[in-house]
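Got a structure for you, written out below as structure tokens; questions coming shortly.
Order of writing sets the labels: A, B, C and D. Residues in every chain begin at 1.
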Amino acid sequence: MQKYIVLLSSTRRVVVERGKTHYGDFGIIDTSTVEVGDVIRTKKETFVVVEPTISDTLSICRRGAQIVTAKDAGQIMAITGLSSGWKCLDAGSGSGFLAIQLGNAVGPKGRVITYEKRKDFFTTAKKNIERCGLEGIVTIKNQDVATFREKNFDLIFFDLKHSHTLVERANARLKPGGWLIVYSPHIEAQIAALEEMRNNHMHVHATIETIQRKWKSNHGYTHPEPSGITHTGFMTFARKVV
Amino acid sequence: MQKYIVLLSSTRRVVVERGKTHYGDFGIIDTSTVEVGDVIRTKKETFVVVEPTISDTLSICRRGAQIVTAKDAGQIMAITGLSSGWKCLDAGSGSGFLAIQLGNAVGPKGRVITYEKRKDFFTTAKKNIERCGLEGIVTIKNQDVATFREKNFDLIFFDLKHSHTLVERANARLKPGGWLIVYSPHIEAQIAALEEMRNNHMHVHATIETIQRKWKSNHGYTHPEPSGITHTGFMTFARKVV
Amino acid sequence: MQKYIVLLSSTRRVVVERGKTHYGDFGIIDTSTVEVGDVIRTKKETFVVVEPTISDTLSICRRGAQIVTAKDAGQIMAITGLSSGWKCLDAGSGSGFLAIQLGNAVGPKGRVITYEKRKDFFTTAKKNIERCGLEGIVTIKNQDVATFREKNFDLIFFDLKHSHTLVERANARLKPGGWLIVYSPHIEAQIAALEEMRNNHMHVHATIETIQRKWKSNHGYTHPEPSGITHTGFMTFARKVV
Amino acid sequence: MQKYIVLLSSTRRVVVERGKTHYGDFGIIDTSTVEVGDVIRTKKETFVVVEPTISDTLSICRRGAQIVTAKDAGQIMAITGLSSGWKCLDAGSGSGFLAIQLGNAVGPKGRVITYEKRKDFFTTAKKNIERCGLEGIVTIKNQDVATFREKNFDLIFFDLKHSHTLVERANARLKPGGWLIVYSPHIEAQIAALEEMRNNHMHVHATIETIQRKWKSNHGYTHPEPSGITHTGFMTFARKVV
């Protein structure tokens, strides 16, 4: 059973700790007496009680560091074909958002190891992993990933300052056909990683960037939101050959 | 054991039927005598033999209809938090690409039902589902989805001409908190679906569009590809409340 | 001679009224004693004194209403081939930014008439036109454009709530081959205008939207700005045939 | 009087040499007997005869080399505030498209000098400049721009392989406040140019890239075009200080 529960109305998503009383501007809800599927009517809102998906729980996770957004996490899943049972390495953890998305996808038969050398980020990420109930799948280490020794990975993800210096090690520790993904906001980091991937005879799949716009539509006025995120990061995907 | 096997080199990905002999410009490879992990050296290339991921097998699936691309399938996974065990409805199947991505993500504990009324698309999609070894998880029906009667879905995906006419039915047949996603190339279809979602008091999460560019980088010349896909479709995400 | 003068350093652009003393955190500059081309060294900065371009003067114009940005104004110039001597209609003026760009391009042999029914916007736009020294070229009227009677326009630009209701009138008052441009943030306004353009047998050139990103580059860290403008407006370009 | 004339119908734009007979699938039109403003009815189309704008004439200019598109030319005009009377340098000419756009904007009081070292591009660009009737404003030289000696430019535009090597020379030959624009498809060229601009204490305005999508709308089906141009070039804008 998950720690959290979602109160969902047509205009709100409130993720609350199970068993606690929630005070909102819409009224007071005592979650110790509700069950999944219950409908709760306050003065202003009609809520239904639902189990959180991983994206619900992520929405209340703390963001101590820049996160890998859903937009980019989704590309990793769909491009690699990420599946139940995969063994993944993630570094640095940051706030743990990608480790959590990977953990959710690989499930109890899979495993995610995530490295974070900064103590403050490590603490935040660890708590977030626990919030999502994934501590049995995702292992977090408060260490520099530079000397990691685990092997036989299906997928390695780097969101680090000098990822290119770790391409050779990553390649050595992937399964044949396994995926290395280098993420960074800066194009130079992609260029450097790409060169190292080629030096290691990896199969380079693609370097991509993904731009997403939200649209609003109200009574005949439909338009993309006028301002928002214009860039998160580039990602280069490559696979181990030899 | 999967039907296919991947021969991966630094420049090629060749997905071949296991046990067959493959003739390429790089030489002849008899796959009946190879095992996963073997390294095969032809005159021109060094291949490693690997198990296909779902994206590998999708790469050789036939495209009889416009497909939901990995770029958009990934958004569905990451935004909804799609997980092992989910029960999904998909219509129309088209070539079955999204049903296959969903099937891969929900795994043997989950289920995907996909409807396709056109006989030719149905036949293509069915074959693609079998190619991916997902016939135990993904059920395809050669019927119009308009009167579907299954219920308790975690996720319903519509890529149909008049999706908005089915929003009420979808809402009635989702679990509380379950996701409805309407996909279409045309903005009017999103506007109409959004209105129906609001009429049904659904929790509207967002309408998005996702633009992806591939970058090339060779010896100091790094740039986005000059031409390519500029639009696939919009997607509106909403969840059942009551 | 222009009212303003620009003090340009490697990090600043300060547009000041000619003859006035300017007090900045970089020091005090008395512009009554400087001439174009002079170099002024303060403790922190080296400035050169230059004549303002129209974009310099626009940078200090007041923005009482949403403006047509340089990004979109540039499309109008390049797509239509806007030239010296053209006669243009612009409505509504808003803060007058587009009227000013048009006025600068058509020059003293050309003419721009701009309509603004809101008194407050009219006042701002009028002052901005004067700031740019274009009152001899750009005429602003504090009237609703709906009944405009001028004719023989080379270019008519509408940034209005219901532009489509004015397409017929615009077509009647354009020169053959003259351009009508409908701008709006909302896609419905483009669809409605487009239909009217077709009803009037206009030559529809295109409906476009233009997305611009700024890039930052510092010591090996090069990336698009992470957040910013994601949408201004759509524009439909059509020309009068009969 | 221009060499060309435009036959414009609701679906076609035919740019033809004045005085010649034009044979199209829509019928035969003898332009020696028509005047601007005439309406010509063939079996299939109703045409009006109009003077070409510069964008009309550019539409029939030959493209021997990659051109600077209207999308990017427009940014140059609007961002710099390009005006009648400016003196511009353009190199390399390529097919002359930008030189022509600049020539049209600066008019008879202005001047554009464009350099092209490749003989074949030079020949094409020269012919295109003449097609547009701009040979009195735009001077083309079949020389390498590397040693250009003209000075007092308001605007210098480089679309060259190693533009950064010419930043110092450009800065020395601009008027104070004058604009240098470096265009290239490759991000490395922008980074290198930017560094040189900073070394020369120029005022760096911005590095931009502009993405444009065309939209289609027919009877309730409105969408961006599914494929097209995804990248032309980046542009860095800087101004001379000292």
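Definition applied: a residue touches a chain if its C-beta (ideal position, glycine included) is under 8 Å from a C-beta of that chain, and two chains touch if they have at least 3 such contacts.
Quick caveat, the model's predicted, so the values are computed rather than measured.
**Q** Can you give the rotation angle that fits chain A onto its twin chain C by Cα atoms, in degrees and rounded to the nearest 5?
**A** 180
**Q** Do chain A and chain B, two copies of one chain sequence, contact each other through the same residue numbers, with over half in common, or through different ones?
**A** Chain A and chain B contact each other through largely matching residue numbers.
**Q** In angstrom, rounded to a whole number, how far apart do the mean CA points of chain B and chain D lie?
**A** Spacing between the chain centres: roughly 43 Å.
**Q** For chain A and chain B, what's the span in angstrom between their mean Cα positions?
**A** Centres of chain A and chain B (C-alpha means) sit 20 Å apart.
**Q** Which parts of chain C, given as residue numbers and ranges, touch two or more other chains?
**A** In chain C, the residues touching two or more other chains are 187, 211, 213, 222, 224.
**Q** Could you please specify the touching residues of chain D with respect to chain C in the complex?
**A** Chain D reaches chain C through residues 6, 8-13, 36-37, 39, 46-51, 53-56, 58, 70-71, 73-84, 101, 104-105, 107, 175-177, 187, 190-191, 194, 198, 201-204, 206-217, 222, 224, 234, 239-242.
**Q** Per the contact definition, I'd like the list of chain A residues that touch chain C in the complex.
**A** Result: residues 185-188, 211, 213, 220-232 of chain A touch chain C.
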